[in-house]
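The letters A, B, C and D name the chains in turn, as written, and every chain counts its residues from 1.
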Amino acid sequence: MARLTVTPVREFKIPVTAHCLSPDFVSGKSLREIELTEVWEGNRRVKLGSLFEIQGDTGLTTNDCTIRVTGNVCAVRGIGYEMTGGSIEVDGDAGMYLGERMRGGSIVVSGNAGSWLGTRMRNGLIEVKGNAGDAIGGSARGATKGMLGGIVTIHGDCGTEVGAWMRNGTIRVKGNCDLYAGIHMKNGTVVVEGNCAGRVGAHMTNGKVVVLGNIGGVLPSFQFEEIRDKAKAGDEKISGPFYVFSGDVNEEGGGKLFARISSNSDLKWNEMFLEM
Amino acid sequence: MSELLVKNGYVFDPLNGIEGDKLDISVRNGKIVERVSRRARVLNASGMTVMPGGVDIHSHIAGSKANCARMMRPEDHSKDPETKTKHTRCGVGHTIPSVFTTGYRYARMGYTTVFEPATPPLKTRHTHEELNDIPIIDKGCFTLFGNNWFVMEYIKQGRINELAAYVAWMLEATKGYAIKIVNPGGIEAWRWGRNVRRLDDVVPNFDVTPREIVRALCQVNSLLNLPHAVHVHPNGLAEPGNYQTTIDTMECVHDIPTREHPLIHVTHVQFTGRKGWAWPDVRSGAPEIADYVNTHDHVSIDPGQLIFTNVTWMTADGPAMFALFKLTKTKWFNADVESETGAGVVSATYKKGNYVNAIQWGIGLELALLVKDPWKVFLTTDHPNGGPFTAYPRVISWLVSNGARQKLLDKINKTAKRRLNLPGIDREYSLHEIATVTRAATARSLGLSSKGHLGAGADADIAIYNIDAPKLDLSKEYKAVKKAFARAAFTLKGGRVVVKNGEVAQSVQGRTFWTKPEVSAETMGAVTKELESKFDDYYSIRFANYPIEEQYLTASQVISTKGEV
Amino acid sequence: MSQARSRELGKFSEEYFRSVTVCELDPDDMTELGTMDGENVRVATKFGQVILRATVSKQGPHKGVAFVPYGAWASALFGTSTHTSGMPTLKGLEAIIERAPGSKVPTLQEVTRLKVG
Amino acid sequence: MVCTFCASGCDDLQITHDGRRVESARNGCAISVSRFTSTGQSRISKPLVRTKGVLRPVTFGKAIDRTARILSNARYPLLYGWSQTSCEAISKGVELAELVGGLIDNTTTSCHGPTILGVQDVGEATCTLGEVRHSADLVIYWGCNPIHSHPHHTTRFTIFSKGRFRRTRKERKLVVVDVRRTDTAKLADRFIQIQPNGDYELLTALRVAAKGEEIEQDSIAGVPTETVEELAEMMTDCEFGALFFGLGITMTAGKHRNTEAALALVRDLNYLTKFVIIPMRGWFNVTGANEVTTWQTGYPYAVDLTQGYPRFNPGDTSAIDAVTRGEVDAALVVASDPVSHFPGAAVKHLLGIPIVSLEPKMTPTTEASEVVIPSAILGIEASGTIYRIDGVPLEARKVVNPPPGVRSDVEILDAIIKRVKRQGRRR
């Protein structure tokens, strides 16, 4: 497997847009070609070679190409844009729009990642060892198509609107989520192992949000359905038991919220609906 | 003194009866002249087709509702950005382009004059701000009258002369070009969430009917000798069975004495030409409407052709927009304007497989093909309602080629194809007819004597296309036709080359046309006094702050008419 | 209103200073705090803290809720995260309020950390 | 005369002046009178440029030179403010932003930006204020306090106004929803006190109730469910309802999602009756800033022109975020005071970069600036177009001359553009 190592020559303050940092672009190109590729740094066109030290081998095809970015690149946007295969390893923090419109391959970040990670991604894997920003797996402004497939795993915490407008695929957050996890969800699965700040599944029409920690209260537009022992997420079964809610009533939605009973005692009052 | 000679092109100039003859066009100081001196710069157009600059009679390019749509639809822009160049400002497309992009894209297609067909008087200052900013093309806007309190009250009181004076005052105050009626009375009813659907329904609280509104404003149009006909969007837009209302609307003014050009123009008929009782059995009302138009000379129409793509609906017809939103469940914007009119915006997508969409597509083309006289039916997509104006070349390819139409007919909803008359229509437009429906006829209908032709005295707005007229078989080579009309080889505006090989070569400031009808001092004096006394009761701004000063228009072009009041 | 009015007199005017360096408290909360009208308090959020003049709210009761007029002093208490909205959270912040009779309200220069030459 | 304080656009002012100073402003609210009569207070009289750490008076030309250099050299310049100047000036601002490849954002970003983001998800059912005056039999003020922020709002447009179909106070109902009993609430037929940050839950509950669905909780954000259902009934039963909302919704937790919920509620209500929603915008031309930026770039605010075409994504391309992340390396501030109003952490970065400010009066931002260019006050010393809250454009006319040597924003920006063009981008 060919490996291309990309190291920032300095800390970037001005945002850098580097869609070219993707296996599809670099594979089959010479180091020189890659160094001469122009990218935006703020309002200037600069050579990639003037921002990064680029070493190693690009590989012949996308699939046998691995890009390794070493050092913090939180100011670098759009790494892995529209990538269809191969892999990217970021050894540090990654910037916004990581893996936007991704169609295949994998991205692993050892540090944190910015907002809009995996926006409108179709397929592939994204794994972040640290925290991620807001609206991961989300959609472009005003559009109604979020993540369409693939798997995103965040080991740390996430910001607001995890999986906004999500149409399919799976997002797994091992830490906590801020407000509006699964907002406008149309399908797919979001699993939050930690706590949610609340308003989970707002406007959702379908799909599933599973919260193992505290769900932060359930919106009045969700109705309590039943208690279930397990929740299915992809092909794995997560053991509960769970309070199950359906909604969003305001959108004539049939989405499902799973809140693990053990960490949601504040929802116990819903059990009175069971007797009836 | 700048001189230019457009040499050896195949010239199509319907208004002067020139049909593809190889001619030279002489230009001096922005105008077309009989001949120029030897020193004139020569523009070699041999092997190319030369037409007057395109004149669009109905395209929503500016004003508050267009801007609401832009604000509401970032997803529409992000997929179609325009990067700045040496000659152009940056901007965005697609269905609701930003102002600079609008001007450039029209010019690239060889269009040089465009009219915004619906401006709410109270917000027309906004419309003019945008028109000022639209580069290259000449423009103007039609002022909305169909739901105006003063108008309905004058009609109720039967004071037609005062109504005429009021319209004259309003056109001057808003720097408007023509009378526009949208869903007469229906938008006033929308104040209470209601609508009026037929020509004789009564408008709540005002006790007048759409029929009375349309008739009175058509009479006023004649009394004031306005350059354009009354531009009407009838009641019952988009409703199944509304074709009858459309015909009734045309019929209800047939007895009013008309001048040389038609008295009433009924617009985007594709939306109001539907037979049937409910959505599942919607049929084309085009044959009936075309038949009426073919047998009456007081009326002209435009189809508002549908394109299978993502579009933005925008109209002053608030109730119709809400009705359509209930079907699409997308985004809905509504903006009522006090004492005058309203506005609605909805995002939507037309699909080939969708029965109703396919029927709509068929209605538009049937109208264009069944109306025999090209001087009575103009090319529009009711931008951006039927489709973006950038789709005109595609529509042209359908008009000139039965083959192109049949190809698409095979892809649309089967039931729709079966129920349409289109498969049986084999008429194909000639370049001459295309030149008529895209320029000559529209210019004549608008009463713009200096537009739409290439005779001496006309503005030197010229479009030159890569079409070797005698050689090219339009029907077979419709793809080439589409390409040629999408990117003009040259576009001249006021004698200056603004587009070269489909790219903007320089940007100029276009003019804004508006109408100033003259009425007798005493009638106007009385009416103004009356307005002043009622104004504070009707409006939330002061009378003095309402009219728009002429200086407000960057390049004002007034057309004065002599009223008989 | 007085804030807007005095703003027209200039941001460095005494009127503006007096109108925006206050913290409106519910009367009950004030007695609980043991502070009185016009006495200084320290307002602290997880983003910052500032000394302000406590006043009895005329638009009460709103127990447990305090109000600080929009301005440089309030800004010192705001966080920067906008959650993709471009807008930081400027209302509904959790804050701890305690008596601070000793300390004085910072001037506009001080609170904005301006070094005016 | 048009008042240029809040976005109500009161245009019935009567001004008397001696050619230099306004003496009185009849029909104006207290704020308006203060604005018109205290133009002289703490004015900046000369262009200032910082040399050796001190702002010193210079010629206009020198100030423009320095400005052009700062903006041309910047790689990620921010052009901020725009809500207290004319549309003509904003238009120049967009041109300049495109020219220097900058980020142009207006104060919407920290005011009703979230409202626009809400509109971009659900749309908006609205109307001009005159319609409310003529027809509304139910008026709701939610998270706003017009008695203080828009003093003439209730008398010109809502409960105390006289319209064609509603003539007296008795014919209208007023509901106020707020976290405290504001002076506006004291006028209400019904006051609903809500817990801080509870707006989203209450709006959602109202949508449920309006749909006739059952609410399982017995109280929402501190409001008993019966009360929620009563309010929902008032809304569905009225003939023409108007919901006015303020920063109480846009600035609390959830921001654009709160406004989305409000917009969706009003949209839903239109299935049952006629209902409109109007945000209570603040500065007199913040709406104009959105309009101009939208028709020129397609986007209402937070427009990134650094790559030669417009990009829009608040959170990324919005002023406060870009400044906080330390990306912005120079700023042009027009008629605004970010140093006072941005959060502490953002201000810290602002103070470290060169700022150019166009401002009539001394503010913390001018104090922190590298270049300060005094400007005329719009609607008093300069004319121009402004937009009322509801998108009604008005011409704000000049009454008196600006102090000697002080130019309008349009003139100043025009001079900067010319100078930048002359220099040519150093690329």
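Methods note: a contact is a pair of C-beta atoms (placed from the backbone, for glycine too) under 8 Å apart; a residue touches a chain by one contact, two chains touch by 3 or more.
As the structure is a prediction and not an experimental result, all values here were calculated from the model.
With respect to chain B, maximal separation of chain centres occurs for C (centres as means of Cα atoms). Look at where the CA atoms of chain C average out and do the same for chain D: the two points lie 22 Å apart.
Each chain gets one centre point, the mean of its Cα atoms, and the points for chain B and chain C are 56 Å apart. With centres taken as mean Cα positions, chain D sits 35 Å from chain B. A straight line joining the Cα centres of chain A and chain D is 34 Å long. Looking at chain A, residues 115-116, 134-135, 141-142, 179 sit in touch with two or more other chains.
Residues of chain C found to touch two or more other chains are 83-84.
Within chain B, the positions touching two or more other chains are listed as 72-74, 78.
Chains that are in contact with each other form these pairs: A-B, A-C, A-D, B-D, C-D.
Residues of chain B that touch chain D in their complex: 62, 64, 66-68, 70-74, 77-78, 81-84, 89-92, 96-100, 122-123, 125-126, 129-130, 133, 190-193, 205, 322, 325-326, 331-339, 342, 345-346, 537-542, 545, 549, 552.
Every residue of chain D that touches chain B in the complex is listed here, in rising order: 2, 9, 11-12, 87, 91, 95, 98, 116, 119-131, 133-135, 156-157, 162, 164-165, 239-240, 267, 270-271, 273-274, 276, 290-292, 294-300, 305, 307-312, 385, 387, 391-395.
In the complex of the two chains, the chain A residues touching chain D come out as 13-15, 17, 40-45, 75, 77, 96, 115-116, 134-135, 141-142, 179-180, 183-184, 199, 202-203, 217, 219-221, 223-224, 249-250, 270, 273. Every residue of chain A that touches chain C in the complex is listed here, in rising order: 115-116, 134-135, 159-161, 178-179. Residues 5, 30-31, 34-35, 38, 41-42, 50, 53-55, 105, 109-111, 113-114, 117, 147-149, 151, 179-183, 185, 193, 196-197, 247-248, 250-253, 255-256, 301-302, 313-315, 318-321, 324, 337, 339-348, 351, 361-364, 367-368 of chain D touch chain C in their complex.
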